[in-house]
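Labels run A, B and C following the written order; every chain starts at residue 1.
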Amino acid sequence: MPGDACIMGLFKDEAKAARVIPELAAAGFSFRRAHSPIPSHRILEALKLKKGRVGWFTLAGGIVGFFLGFALAIFTAVQWNLIVSGKPIVSLIPFFIVGFEFTILFSVFGNVIGLLVCSRLPDYRGLESYDPRCSGEHFGVLASCEAGREGELMDFFQKKGAEVKVFA
Amino acid sequence: MNATTPSIQPGSLPGSQRSLFTLAAVLAAVGVAAFVTGLLGPQPQRAWQAFFINFLLWSAIAQGAVLFAALTHTVKARWAGPLSGLSQAFAGFFPLSLICFLALLIGRDHLFPWLHEDLHGKEIWLNLPFLFSRDGIGFLALYGFGWAFLSQDLKLRIKTTAPAGGLRRWMAGRLPQTEAEIERVRRRKTLWGGLYCFAFALVLSLIGFDLVMSMDPHWISTLFGAYHFVKAFYVGLGALIILAAIVHLHQNRRTAIADAHFHDIGKLFFAFCLLWADFFYVQLTVIWYGNIPEETSYVILRTVTPPWSTLAWIVFIVCFIIPFIVLINRRVKTMPGAMIALCSMVILGIWLEHLLLLGPALNHAAAELPLGVTDGLVFIGFMGLMVLALAYTFKTFPELLPPGSEAAR
Amino acid sequence: MTNLTFAQIDQTVLNTLERPRPRYWLFVALMLCGVLLGAAAWTYQIFTGIGVGGQNIPVAWGTYLINFVFWVGIAHSGTLISAILHLFRAGWRNPIARAAETMTVFAVCCAGLFPFIHLGRVWQVYYMLPIPTQRLLWPNFLSPLMFDVVAISTYLTVSSLFWYTGLVPDLAVVRDRSTGLRYKIFRVLSLGWTGTHHQWLNYSRGYLFFAALATPLVISVHSVVSWDFALALVPGWHTTIFAPYFVAGAIHSGLAMVLTLMIPLRRIFRYEAIITLNVLENVAKTMVLTGLIVGLAYGTEYFIAWYSHNAVEWESFRWRALGEYAYGLYFMIICNVLLPSLFLFKKVRRSIPWLFALSLVVNFGMWWERFVIIVGGVAHDFAPHAWGFYAPRLVEYCVMVGSFSLFFFLFLLFCKHLPSVSMTEMKETAHHAG
């Protein structure tokens, strides 16, 4: 909500950062997001997140690639309808190689697109409420509170052993 | 699961164990009866074919399963855990495999086409004495390394001082006492494990060339040896998964084998499914593309000519397509029942694949598949032998079972 | 390695991105000269014709193909280390994964140049692209060379994307420690990565899928390259073992190149605490395995050549051992199988001079293996009256120097401008160990 202040608590200890997350809700603050320099299972467990959806994009890409590869090889062979070195015009054994490579290629394209879409990258606006220490050795927990309760939130973080950074 | 010593004394025989031994003995007896009946019947060659195919298949299962323990130990992969004991237990089949190998000598006239053909000079390599001695030495070396590896491992596992039975008593007399001795046992274990892996590649390649490829003495494929040992590891892993799943289910899922173990070995099984199919495809592509009659006759007979073409498609679907589709799913690997079904299907598929490779050589101009009740019964007989071997090994060395399991089943 | 803190890891790696000393620019300039030499030779070849090279009838494929296979091979172990070992959860790969993946990308770039160079009339590559010509003639996908086009392009694309994806969190680290122009550049490059839980959730999955997809790609790409030879009918080429044999050989040569690059790198950048001797030892142990596989393949080829009782096949292998190019075979066996088996001894595995020396020996030996296969196959195939010889000429030597220079030029630039060790993965290792 407008007027809400965003405050980030920076922890050096991953476990402490993960523990804070459910306690924030209990204290009446709203959790925004958690930053970490490495993927953190504890934080993800604390947030009870389901597995990402990237896999579906990869699978879709793979299926598209499989058929596209075979289609390309078969279509181009059929255009020039002559027997070459005694092999049938549409020979699946060698065309499988083209199909296979295209499956991998388009799976990877799907994977990249899925990564970008699901992570919502590139996202330069996120840098506005971000502390560079979060890519170093700190685990940052960003929370917001109603206007007037900033002092409480800062105390809350400091009592848990975090350094505090205030964003407008 | 805390590591506890097994709660039964090694050597004793509770009810469920006894029934397992009985069942296995019955299966083996059925197989022997079918084999002997076939020998005395009008077509002894079919009986020998069944014997030969099953000898190759079940030996490969044992060799491949033991490789899992040796390999994970050599590369210091720590995820194997309770699975390595189960894997080593398959070494119990090695003596039976050796006996069956020597038994092939009896059926030589029905089994080896190269005994009766003009080999144009290959007789130096493909003659009975040389082939049997080199393959015999190979088996002895491989099985020797496997047993040495197992014995070093057992020295580290056996804690109870109550021996029963000759083999276990012999073991118990050699347990390491001091820290230095334990270290020496560990180093020896690594040495024998590494030698087993090395011998596995060499000996199974040799077997692939000598016992399978030579059935068509005028055909060659340089990858055939490697194909044989990849196939062996594939079925070995399948059998290991079946054993692990059965032990786990028998103990109501309360063994030390965690979901993660099933997941990891399921992934390895999937990887070898792909590798087996890759080696199959690699040979097929090179031969198909070159279109050289000396090479293609073998492949055309097996993939395009009826009745073998149907079998080829069945093998491909059962050993690759179905496992591939099923194993892409993450959860199925941790469902022991489903994995038992899948791996059993794959083992049957590889059994059929052996028939596909060897059948045309042993049955020229076959109008229909040489696959009948006898072949099925001999398969069951060998399965009984394998179960006997495993049960005996677990009875003598219950330490091989994963902790948390109460009895040697 | 396990005692390092996050801050120490960051600092060690970020120190390598400091302003380079003049000696660095000297090396870069030297490599650039090599690149220009190669480019000049290639330009000369384009204007004069492919005949300026030594390849001719009967040996139509010479150093251009040898170098092509050599560079693709080097690329493969980079993907082995970054992708396959990630799937096996082998933690020792973390310190070298970034540099190995970079090696892959640059090696594929170098490899990809060679089909163009070997075309002679470079513009004819148009006919290999899937675009119909004016006569509605499309490329023939039955050809192994077209498999190559598809496979190598796929490998280049996938490796680059994999490399870049792996870099993104590290680019964010560099961004957060930079100011001025460097800040602006890395801000754009890091795609606004902030390490939120949501980003990490999807990133970890995506990276796992990348690794899982790159693994079959590695095997298929070098199988396809091997089929350039195996699908022909030339004795010594037409054999089913080529695909796994080439893949194993590729990993063997690539691991050697990893050692060749990592040993000076860790010295110059003071990475000893990160790229520890244990890591290098594990690379050496893997080389024992690949060396044995390659040795088994050599032995099998000879055995089956004899077993086949095919006069042409046997003559090809007899000549390989006793003919005019026999020294290549002995280089191959000694350098690829016999000498690397010294790595069975712990003392050799843990000695930096031995590791470096043997890595150079294996690189040398693997180059000669490709020579023996490629040149040895066609120089001495079916009809005795068609047997011939091959010697590279100046243009080819210059192009070879150019390709090696290009590889090191790109790698040198990479080292000083991008993080050569993955800080994120090192932190993960340290975190799990602590």
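Methods note: a contact is a pair of C-beta atoms (placed from the backbone, for glycine too) under 8 Å apart; a residue touches a chain by one contact, two chains touch by 3 or more.
Worth saying up front: this structure is predicted, and the values here are computed from it rather than measured.
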Per-chain Cα centroid nearest the overall protein Cα centroid belongs to chain C
Report which of A-B and A-C is connected by more C-beta pairs in contact.
-> A-C
With chain centres taken as the means of their Cα atoms, state the distance from chain B to chain C in Å.
-> 36
Dist(centroid_CA(chain A), centroid_CA(chain B)) in Å evaluates to 43
Mean-CA-position distance for chain C and chain A (Å) = 30
Which parts of chain B, given as residue numbers and ranges, touch two or more other chains?
-> 285, 289
Residues within chain A bordering two or more other chains = 85, 87, 94, 97
Considering chain C alone, which of its residues make contact with at least two other chains?
-> 216
Mind listing the chain A positions that touch chain C in their complex?
-> 14, 33-40, 43-44, 47, 49, 51-55, 58, 69, 72-73, 75-77, 79-80, 84-85, 87, 91, 94-95, 97-98, 100-102, 104-105, 107-108, 111-112, 114-115, 118-127, 130, 132-137
What does chain C use to touch chain A in their complex?
-> 5-7, 10, 130, 132, 136-142, 146-147, 150-151, 154, 157-158, 161-162, 165, 168-169, 172-173, 175-177, 187, 191-206, 209-210, 213, 216-217, 220, 224, 424, 427-428, 431
Which residues of chain A touch chain B in their complex?
-> 85-87, 93-94, 96-97
Could you please specify the touching residues of chain B with respect to chain A in the complex?
-> 281, 284-285, 288-289, 291
Okay, in this complex, where on chain C does chain B touch?
-> 87-89, 216, 219, 223, 227, 230-233, 238-244, 292-293, 296, 300-301, 303-304, 307-310
